[in-house]
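Note that the chains take the letters A, B, C, D, E and F in the order they are written out, and that residue 1 is the start of every chain.
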Amino acid sequence: MATVKLIEYEEACADVRQIYDDIMHTKETDWINNFWKALAVQPDLLRRTWEGVKDVMTSGVLDPLTKEMIYIAVSTANGCTYCINSHTAAARLKGMTDEMVSELMAIIGMANQTNALANGLQIEVDSAFRAGGLK
Amino acid sequence: MATVKLIEYEEACADVRQIYDDIMHTKETDWINNFWKALAVQPDLLRRTWEGVKDVMTSGVLDPLTKEMIYIAVSTANGCTYCINSHTAAARLKGMTDEMVSELMAIIGMANQTNALANGLQIEVDSAFRAGGLK
Amino acid sequence: MATVKLIEYEEACADVRQIYDDIMHTKETDWINNFWKALAVQPDLLRRTWEGVKDVMTSGVLDPLTKEMIYIAVSTANGCTYCINSHTAAARLKGMTDEMVSELMAIIGMANQTNALANGLQIEVDSAFRAGGLK
Amino acid sequence: MATVKLIEYEEACADVRQIYDDIMHTKETDWINNFWKALAVQPDLLRRTWEGVKDVMTSGVLDPLTKEMIYIAVSTANGCTYCINSHTAAARLKGMTDEMVSELMAIIGMANQTNALANGLQIEVDSAFRAGGLK
Amino acid sequence: MATVKLIEYEEACADVRQIYDDIMHTKETDWINNFWKALAVQPDLLRRTWEGVKDVMTSGVLDPLTKEMIYIAVSTANGCTYCINSHTAAARLKGMTDEMVSELMAIIGMANQTNALANGLQIEVDSAFRAGGLK
Amino acid sequence: MATVKLIEYEEACADVRQIYDDIMHTKETDWINNFWKALAVQPDLLRRTWEGVKDVMTSGVLDPLTKEMIYIAVSTANGCTYCINSHTAAARLKGMTDEMVSELMAIIGMANQTNALANGLQIEVDSAFRAGGLK
């Protein structure tokens, strides 16, 4: 149970309804998920977050499915149940197959493992890698 | 400075040399980075980790650059300096442009933000999302 | 379900009861929450933890509500469901309004985002900031 | 060394300069810190992030110093060196004393400890706390 | 509810059944837990993960119970509910008493606290400690 | 560089000196490491933290070296450079060999990997594991 009241469309103020309409239009759906209903307690937070997500997830050089998988990777590393579920559902809609889930999870798992080894052994970054980022 | 001795090629035992050779051959390079030199203290750990990374990163339905970006996403969420640097260098070699870095970071940043909002407000997963994963 | 037995007041030893009494007296309440009942498996752990929390949360230059919000911020970053819920309830009792929750979450979300950007891009600390802490 | 080029004011495009000017004007300073110079690789990311930070950190019911301390708390839990340093410097400018730093750290430390205990023992949220968030 | 289908023994292919048999034989049990059933969507991921876990957890200079407690410590720091529960159950089978749980949790809690203090105050590593790792 | 002044023995007040003396006596050493010098800005924080660490790390059913390895495991999962270095040095003094480091790291790495897989796939805890903790 969320720690704030979820704002339903019917009880929302005009500003919030406008954002809800844009969310449903952009996602081609007819319902609002709990995440947005919780943010609607503060319309500014709702607007800023939605506009950020819309900008980041719907345009650019990376394709939408790749973006969803990156989102799942971060949400998994952070252990965020809500975002893992919502973005897995979104990725499925965009064509993520079981095989892609498995590869995605294998990479996430391997990265977590080597992150721990590199941190735990305090391994210094090779100078070639530091230089590589900017040449 | 690593908390274990880094094993150089010249001083490595035959088992470790064989893995080092495979690393250099697979990566088409002529040097071994510190990560593997630190794991070489225990040849079994070196072999298992290298074989895992090789399997996960070099075959599959996801392309190699997408895999590197997912790796960077996890390493960023975990704050692993070594892996961020090494996989950013690897991704650059595979064609990651500045524009792709920016989009990748924008997604990572947005995911971290919404992860925090979803956790902080204890938002429940919508039933539609839970169902979505398995249909 | 906790991985240790929760110790109820009735079955607690005298040492534990004394701490339970102090918890209820300090919080002006007549019940013990699960957190303390779980720690009571080891009275020393219970005592040390409770005395630490009491010292840290009930005295000082920062006011009690600010302290609760800082506690929520850390618990959110760590994804601890129990502590998010218990300290949100405590903060509500101390006067946290919906507007304050929203601002708190906005800061937590923004901090998580910029933390990720700063780590992901491996941005070096400006010398002015390093110096700033100690002048 | 950052994994992208830092954009100095002199070489920035007009869009970026305008944001840099707003950053310096808002912060009442005459220099741009590395964080913004790194984001400037993608002007949209720079603009969205700056506008988010400005909105979140400079207005509202919570005072600016409290906001900085919450920012430090999150950055500490996430282990983000850059943000810990930059927001500690900002908080010092806004009046954070050594005593406040110590109390802040004591709360952060205590929260991390109890987060671990609650997670490690898998303690269930008391129903009174769940209810408390919404009444 | 997992985001992939759990593969039961009856419906598993021969490769997966062989691994399931090895899991049950190694653990001296007659059932497969959900973790392996989820990985079985991709037999390679299942095999690599199981072989890794088997190698790491069942041989070596550290005794099996110590290994389980280290596993619980990491899982607690990462907030992984599944792994905390499964490895606590495993550790109980290997003889972990309530007193050991309490000591384990006390260490985990204390480490989380001092990790936060060291990060939050940006304390530099003493040269004696850096040297100590390699002499 | 720490964000607070490090308090040297010579300039410390009597309360702090007494704690410093106890630290050196307990550790059988003749110097104070930076961690304690930073906490000394607030003698109460120093005393509470030191007493907690001393209690947790020096007595009990788990042996001191096992305790240090658990500490390293948590610090690695949290990415705390200071604590990884200081507790690795402490563990070395207590007899941790290269082989033990390697096994410790292998467990930490494996736990991080399976934590990610369990979270990322949202695998439900088996009822047998939930029951196992409390029988």
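Quick notes on this one:
Basically, contacts are C-beta pairs under 8 Å (C-beta built on N, C-alpha and C of every residue); 3 or more make two chains touch, one makes a residue touch a chain.
Because the structure is predicted, anything quoted here is derived from the model rather than measured.
The greatest centre-to-centre distance from chain F, using averaged C-alpha positions, is reached by A. Looking at which of B-F and B-C shares more C-beta pairs in contact, the answer is the pair B-C. Averaged Cα coordinates give chain A a centre that lies 27 Å from the centre of chain C. Chain A and chain F, compared by their mean Cα positions, are separated by 33 Å.
Inter-chain spacing, taken between the CA centroids of chain B and chain E, is 20 Å. Each of the following residues of chain C touches two or more other chains: 1-5, 48-49, 52, 55, 74, 76-81, 84-85, 88, 99, 101, 103-106, 108-117, 119-122, 130, 133. On the side of chain E, the complex with chain A involves touching residues 3-5, 41-42, 45, 48-49, 74, 78-80, 133. Interface residues of chain C facing chain A in the complex, by the touch rule stated above, are 79, 84-85, 88, 98-99, 101-103, 105-106, 109, 116, 122. Taken in their complex, chain F has these residues touching chain E: 1-4, 31, 33-35, 38-39, 49, 52-53, 55-57, 60-62, 66-67, 69-71, 73-78, 80-83, 85-86, 88-89, 92-93, 97, 99-100, 103-104, 106-108, 110-115, 117-126, 128-130, 132-133, 135. Those residues of chain A whose C-beta lies close enough to touch chain F in the complex are 72, 76-77, 79, 81, 84-85, 88, 101, 104-105, 108-117, 119-122. The part of chain F that touches chain C in the complex is made up of residues 1-5, 44, 48, 52, 55, 130, 133-134.
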